[in-house]
Amino acid sequence: MPDHPWRTVIALLIGAVAFGIAPLALARLWAMYFSPKKPGPNKNAIYECGLESKGDAWIQFDPAYYLYAIIFLIFDVEAIFLLPFAVAFTGLTLGAAIAMLVFLLLLVEGLIWAWQKGLLTWA
Amino acid sequence: MSRDLMMDATGNDERLAPTYGAGQHRLKAERESQILEVSIGPQHPSTHGVFRMDVKLDGERVVQLKPVFGYLHRNHEKIAENGSYLAAIPYTDRLDYLCSMTNNWGYTLAVETLAGITVPERAEYIRVIMAELTRFQNHAGLVGFLLQDMGASGTPLMYAFREREKILDLFEAVSGARMMCNYLRFGGVRVDCTPEWMKETRELVGVLPRFVDEFERLLRGNEILMARTQGVGVLPRELAVNAGVTGPMLRATGVNYDIRKVDRYGIYDRFKFRVPLGEHGDVYDRYMMRVLEMRESISILEQALKEIPEGPVQDPKTKLRGLRPKAGEAYGRIESPKGELGFYLISDGTMNPYRYRVRSPCLINLTILEDMCLGQSVADVVVTLGSVDIVMGEVDR
Amino acid sequence: MNVSFTMAGGLAERVDQIFVTLDHWAVAHTPGPLQWLVQILLIVVPILAVFPGLFALTTVLERKGLGRIQNRYGPNRVGPYGLLQPVADGLKALTKEDLVPRTADGVVHYLAPLVIVVTAFLVYAVLPVGRNMTAVHLNAGLLFFFAIGSATELAVFMAGWSSRNKYSLLGAMRAIAQMISYEVPLILSTIAVIMIAGTLAPEKIVLAQASYTGIFPHWYVFTPWGFAGFLLFMTAAAAETNRSPFDLPEGESEIIAGYIVEYSGFKFALFFLAEYLEIFAVSGLGITLFLGGWSAPLSFLAVIPSWIWFFAKLMVMICTFIWVRGTLPRLRMDQLMNFAWKFMLPMALVDMVCAGVWRFLPGGALWSVLRWVICTVIVVVPYVALARGLQMGKKVEQRVYRYAEEG
Amino acid sequence: MTVAFILLALITVAAAVAAMSMPRLVHCALALVVAFAGLGCIFLALGAEFVGLAQLLVYVGAVAILIVFAILLTRGSEISMRPGARSAFSGTVIALAVFAVLAHAVMTSRVSRIATTVAPPSNRVQEIGVELLHQYVLPLEVIGLLLTAVLIGAVILAWREKPAAEQEGARTR
Amino acid sequence: MNPLSACLLVAAFLFCVGLAGALSRSSAILVLAGIELMLGAANLNFVAFWRYGSVAATSRVHALTGIMFVLFSIGVAAAEAAVGLALILAIYRHAKTSDVTEITELKG
Amino acid sequence: MSAPELGAVGVDLSADALRALLVAAIEGCSVTVVENESPSGQRSLVLDHEHAVEAAIFLRDNSELRLDFCSNVTGVDWPDREVTEKVKVKKMVEGLEGATEQEVEETRKTLAPGYLEAVYHLFSMEKKHGPVILRLRTRDRAEGNHLPSLTPVWRSAEFQEREAFDLFGIVFDGHPDLRRILMWDEFADYPMRKDYVSPAEDEPVLDDGCLPGAEPGAEQGAADA
Amino acid sequence: MLGEGIVKGLFETARNFLGSYVDKDRLVTVQYPEERHPLPEAARNFPFLLYDGDDPEAGLRCVSCHICEKECPPRCIYIEKSTDKKPDFVGKPQFYPARFDIDVSVCMSCQICVEVCPFDAIRMDKEFELSTDDRFGGLMWTKKELSKPNEYYQKIHPVEAAETDARRAEDVEKAKAKAAAAAAAKAAEVAKAAEAARADDEGAGKEPSKG
Amino acid sequence: MEQELKDLKVELQKQGIFTTTLEELYNWGRKNSVWPLTFGLACCAIEMIATSMARYDIARFGAEVFRPSPRQADLMIVAGTVTKKMAPQVVRLYNQMPEPKYVIAMGACAISGGPFRDGYNVLKGIDRYVPVDVHIPGCPPRPEALLHAFMTLQKKIDAQQLRGEGRPRHLKADAPSEYPVPGYGAHNLEPMHNDDVFPPKPESPFKVLP
């Protein structure tokens, strides 16, 4: 097996999972051995400022969230293209940089459109 | 005729209260997302006690808000009707538990009106000093709580309470208790202030402006504060008057109505002080009213401490125990830090008041909470509520 | 003199590299087949030990620091100077009953804290905490950081949704909206640095800043675009990690405790831990990108080991976070979003352009001054314009008040 | 063909199957995220560092959020979809048939016999950048245009038209 | 089996899982998710060919073709997801359902 | 304290003047003045149900009065009470000289029917005068507990009328949202009425019979005994 | 609106932070169990009963007049009158409380009992460290727990106690004087009587005694 | 697993020292990390807030972490009058706190209804429905009194045993951890008290008259 950088990452992943699970397991062990769990209809009900919860929390949300998610997605994808450009930037010509600028401006145009439409204003 | 009027109570008759039912109109509008019903309170970090608001949310926007009271309804009125006139005083302490002194004053003023009792001059001065100290600490605390509601992790509140403790020390030194002073009596005050106390008070009043300055440096011009409060929870002037809103909240809408000036009760006509007025009636104005009133309170305190005469502090003719006013009724009101605090007493000639009623500014200032909050976000509701300055002890009594 | 200096230099270097040397030594002294294991353990275990330790320390520091800001002591009774406070808190959390609401989605509810902790730990893999002290050398280290970090949003959603509580779902939605909005400026503000440094590997970015002119370092924060980028980055970082004044998802005064309303016991502690780990990580990244990473602020201070510098800078950043938290009120959701999209994002784009201009302007003696001026203008003008534009239509100002007429 | 690859492939496939068969939509979405993450990790295992991480960033970070939001916005989270509601049988059969054809093609094609290079070809980010701005400038600009179009198009689709007055207010705010 | 065909097999299987989902699930969102899975599988093929394809070693110019394709493909897939989901939202608003079996007509 | 009934110069806010104004302005309006013997001298006006809203609007909108601020609204309970009056009656008195008609004083007890009352304290923010006190009286304390609501005139009455409804059981017709405000919805009594008796509570009792939390009356009685 | 307000605020908190290390005004914490903020003379918490001398039974000032019980707003005082009397400080025979309980779980510390007490028998204590887990036993204070010597009162309320003591001393003086006057009068009377008697005697002496 | 645990038990019992140390550690951790619920009812709440402010600074004991959600809180400070309308909410909040949980009844009203005891809407003491650990008399108690009560609670925690019959309620499997929430009746709360907790001790000289 070659010395792979991902091996360390995987080890860290396993370590982190263990780090998370260990105390939870320990807490469960403690609960089993000393402090018994005592669930109850009231105790395990949803908390709502001391009242009984009415209605479901899983309801339909405002589409405004979705608009932001779309814009975010677009810019996330844009970042994917920007990153290699940025890394290569020191070796690039002005022309290439301008090409990127055009790419950027296209997206900025979308942003400005959204701005103009009042989409970026949280309702 | 009047039946028709009643039928039209929802707003067709233009002479009637104009804005009622705005919430229902909003709700009818077709919403795409679902309405989330949340109850904020009675246990909630920023309902200032056990207040509850049944809120309907569209996304983050409030489309309906119904205040629910009574979680601190302690039957103050019933208890006072079963006790003597004197026994009601310690209970008034617990109405607006941040301002026991002004509550005392409101009640004693009503009893004095009912029974025709006069108050010695020195006692009047002491009352003014106590009331303005109370006003100062109440406003400082309120501003702190308001900022706390805005999420300022306690720092302004801590500074406010730092000063409040100093004022409470004074209260304790003269009355024996920090909060529940039980200090005023009809016909005067319970005990006289010592010269040392006067000295300490003068020293404290000397440093209080420093606190206001510090507060202003901390928050004046803070962009987040301004953005959070300006244009939020706007209360139109006409509605404020019609809904009986009083106190700094009313003055933030620009209505010049300060009972200290209007009724000139006590000896308030002897002091020079200004009444700050707002323009927009939003949360920022309400906040600034408090800050400016703190400065005015300091000015009144300075004058009162300078001019206070020597003399008795209790009208010797007044019978504290077993007071039996003539049958009749009286309404006495003062400008408490929160607004018009009124006491309505009916005497039937016995030792107990026949009817004892507290006109609490907090409850009535809450009438228009829904109107101020509709269309705003939950965060605004919290801030708007914070700027109303309620104390549940007084709302529910 | 000269000899002693080099000796000191040699000593300094040895202290600097002490962990690296120890690592090599330990690996060299283990039997061959186990070497890889030891090598990995020596990377993983310190990360899993140091940063949670730092978390514990920070909780006390924060509580004490806030206390001092608020004219009080803060925790000082549990152990010396209150330093054992987090231990007590941890023990308490460990032995606390673990409650899961009856109607909640149990599996997702259980997984959410794990996911958030794991992602919080994973990003440390690419963080250079000292000279030659990067756990994993990745070509695309920065991208790794952001890619892993973006899983946090999902964990938050899992926590908020699975609890089936109105407040938690509202909190989760707020949190996600906020995090996605600030992730864009967070990434974009790093791009300026990448453009100049020409690499995605954090340790190389540090190396690019580790030289000095005279005694002054070449940190990117000392350039117009770097300074703007740094502020943008840290602001976005504060929002990403839900720190004040962007702590809306846990906006106590509005939605109780946000997406963690229903969490108790150690699961709650894990959220807490993850939040702080993220703060460290993202602060560490900010240090790496703009503040020269582990390099000393003045050339002659390089005798102090690099990892000390890194952690010293980290502590400064944490203290700044605490300081800000002790001062500022919270923003509102719409203001937060407006700020992200209408101020942060355009500024980040401007900053990128500024970095490009910086690179293409020649670097002669006169030109370097001119370059400074031009780039400053490029950053400052949009800053003022956008800041003014933010309050467009809605006049936000300091007001002057009138007083009622006497009489 | 390493252990890591097999593990990752198993996880990915299992997650994908879960994503397509679980009753509760949010669970499906979460499983889908795992599948995408697994796919990204396979890319990484194959040595395509940048692309793998990009996959993680875009899918785990953004697309997953989008799907989750879509579920919450359509009240889907509480609807328990019966997995076999809609022509489940025929769908599965078709898919299996397609798989059989594909598998046969893969196994019998020339690629299964070609020698594979051991070391992954160089794909440093810098090279990708240079390539992007020289060889692929046109696609890049097209993608930029596409993204802008998508931004506008998707927003218009998802956007609930507000009443005119309200919109006015929103703009001036 | 060499690594390349293993990759291709996994990709094929993923593709078919996506296909099965897209064909059999009634939730429009899941249909879209299935399509995304299929695109992912295609990406896997690109990467696999880039990694193991014989051209890679010989020509420097085309060494990154696979990578580039995946990059663009990710962008397009993300765009597709955004539009698709927005479409579902729009339909949902119209028909109050996101169940594809219930969406029988599309008008206005 | 200035005399409460004297407001701004020129406006006579005394009960009699207002009564005259109202009777003149509103046709068929019947207004009675309630005297107040106490030093406060705050007298009030009792309005009839039919014209109450109209009168309220008049008081609010009259450019002289402008009583735009309804400060205090409350209920008062006046239970049935025995009125003892001494009446002189001509009566046949058996005297020594036989039966003669004589005027004899006799105490007669009549049951005055109880009623509930709503009291409104009005001020003017514009003119800065007041108070003017309005009273509305119900027919009786049982079914006839209806009053017209003044909430449509003054919004400030909204919660206070609800409170009077909650605690006294006065039903305000025309109130937009008349629900219990302080007590819970299931609560059946009107606790501020004079004849309300608190429910029996279970009290902890010491073995020696002393009730630490008991009513002092019992205790005192025991002590006195 | 460029962030200068925020920066100003940050400076203010920094000032407080740094000030907390040098300025007593910026670090106002009183570390309670070890340090204590001095309570002012007037501070009050719960009432206690005063007794003179050493014997809490004999010296108790309370005469069981029930005034405090009636005036107490929350009605938390319970008094049972004794059946016999004992002399008070001026020597007048008075009733004493056979039972005097205060339910401190109800007491609202309003001090009205102190105000109305005509016998200086009840005063307010400053003690506040009263937390207990004993709900009924620990919060029902009986005569035994309530009785405190006058020295204690002098210690916690020196000025007030001095006033009270002076007044009482005056009363005692008055009583003494009265008693003395009475005694003198009596003595005078006695003397007069004796005189008269003597005179009588003398007269009697003059008179021939009866056998 | 079951058997293993049993073995562990035996082993642990053998090592008495270990249990003792564990007990000490457990108690130490609990007593030094008592997070109160952000929950104020009335006047006393202001003094509770004052306790957390600079002058008194409950943070010194590590207890300034006022958690707004009961799930993360250890201590419920019933600060103020519990009205009958509020009582169900208080009990529900108590129920929703995870074990171990403590209750401080702060002030006269919380203990017995205090000065408002005669009111028709005032609950005569929260101990009718939930077990109270520490009572602080006073109206309102000074902040120092709350600190004192807090230290009393810490002492109480410190004295608790991990094993044996004397162990606290939350370690006993059969002891309840949630109590019935009273309901609103037409005249009063129903039931008027909870027999399990009121009066507090079986050996108490008090009994309840119906």
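First chain written, first letter: the chains are A, B, C, D, E, F, G and H, and each begins at residue 1.
By our rule, a contact is a pair of C-beta atoms (placed from the backbone, for glycine too) under 8 Å apart; a residue touches a chain by one contact, two chains touch by 3 or more.
These numbers come from a predicted model, not from an experiment.
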| item | value |
| --- | --- |
| Identity of the chain that, by mean CA position, is farthest from chain B | E |
| Chain located farthest away, centre of chain H as origin (C-alpha) | E |
| Whole-Å separation of chain centres (CA-atom averages), chain F against chain G | 44 |
| Intercentroid distance (Cα basis), chain D paired with chain A, Å | 16 |
| Euclidean distance of C-alpha centroids - chain B vs chain E, Å | 64 |
| Where chain E and chain F are represented by their mean Cα positions, the distance between them in whole Å | 78 |
| Touching two or more other chains - residue numbers and ranges from chain A | 1, 6, 34-35, 38, 41, 43, 45, 47-51, 56-63, 65-66, 69-74, 76-77, 79-81, 83, 86-89, 91, 104, 111, 121-123 |
| Multi-partner residues of chain G (each touching 2 or more other chains) | 1, 3, 6, 9, 12-13, 16, 28-29, 31, 37, 73, 75, 103, 106, 108-109, 136 |
| Sequence positions of chain F contacting 2 or more other chains | 182-184, 191, 204, 206, 213, 215 |
| Interfacial residue positions of chain H with respect to chain F in the complex | 84-85, 112-113, 117-118, 120-121, 124, 184-188, 192-193, 198-199, 205-210 |
| Chain D-facing residues of chain A, complex | 1, 6, 10, 56, 58-63, 65-67, 69-74, 76-81, 83-89, 91-92, 96, 99-100, 102-104, 106-107, 109-111, 113-114, 117-119, 121, 123 |
| Touching residues (chain side chain D, partner chain C) in the complex | 24, 26-27, 30, 33, 37, 40, 49-50, 53-54, 56-57, 60-62, 64-65, 68-69, 72, 77, 124-126, 171-173 |
| Complex interface listing, chain F residues touching chain B | 1-2, 4, 36-40, 42, 44, 49-54, 57, 61, 68-72, 74, 76-77, 119, 121, 125, 128, 131, 133, 148-149, 151-160, 163, 173-174, 176, 180-184, 191-192 |
| List of chain G residues in touch with chain B within their complex | 1, 3-6, 8-9, 11-13, 16, 28, 37, 39-44, 71-73, 108-112, 115-116, 124 |
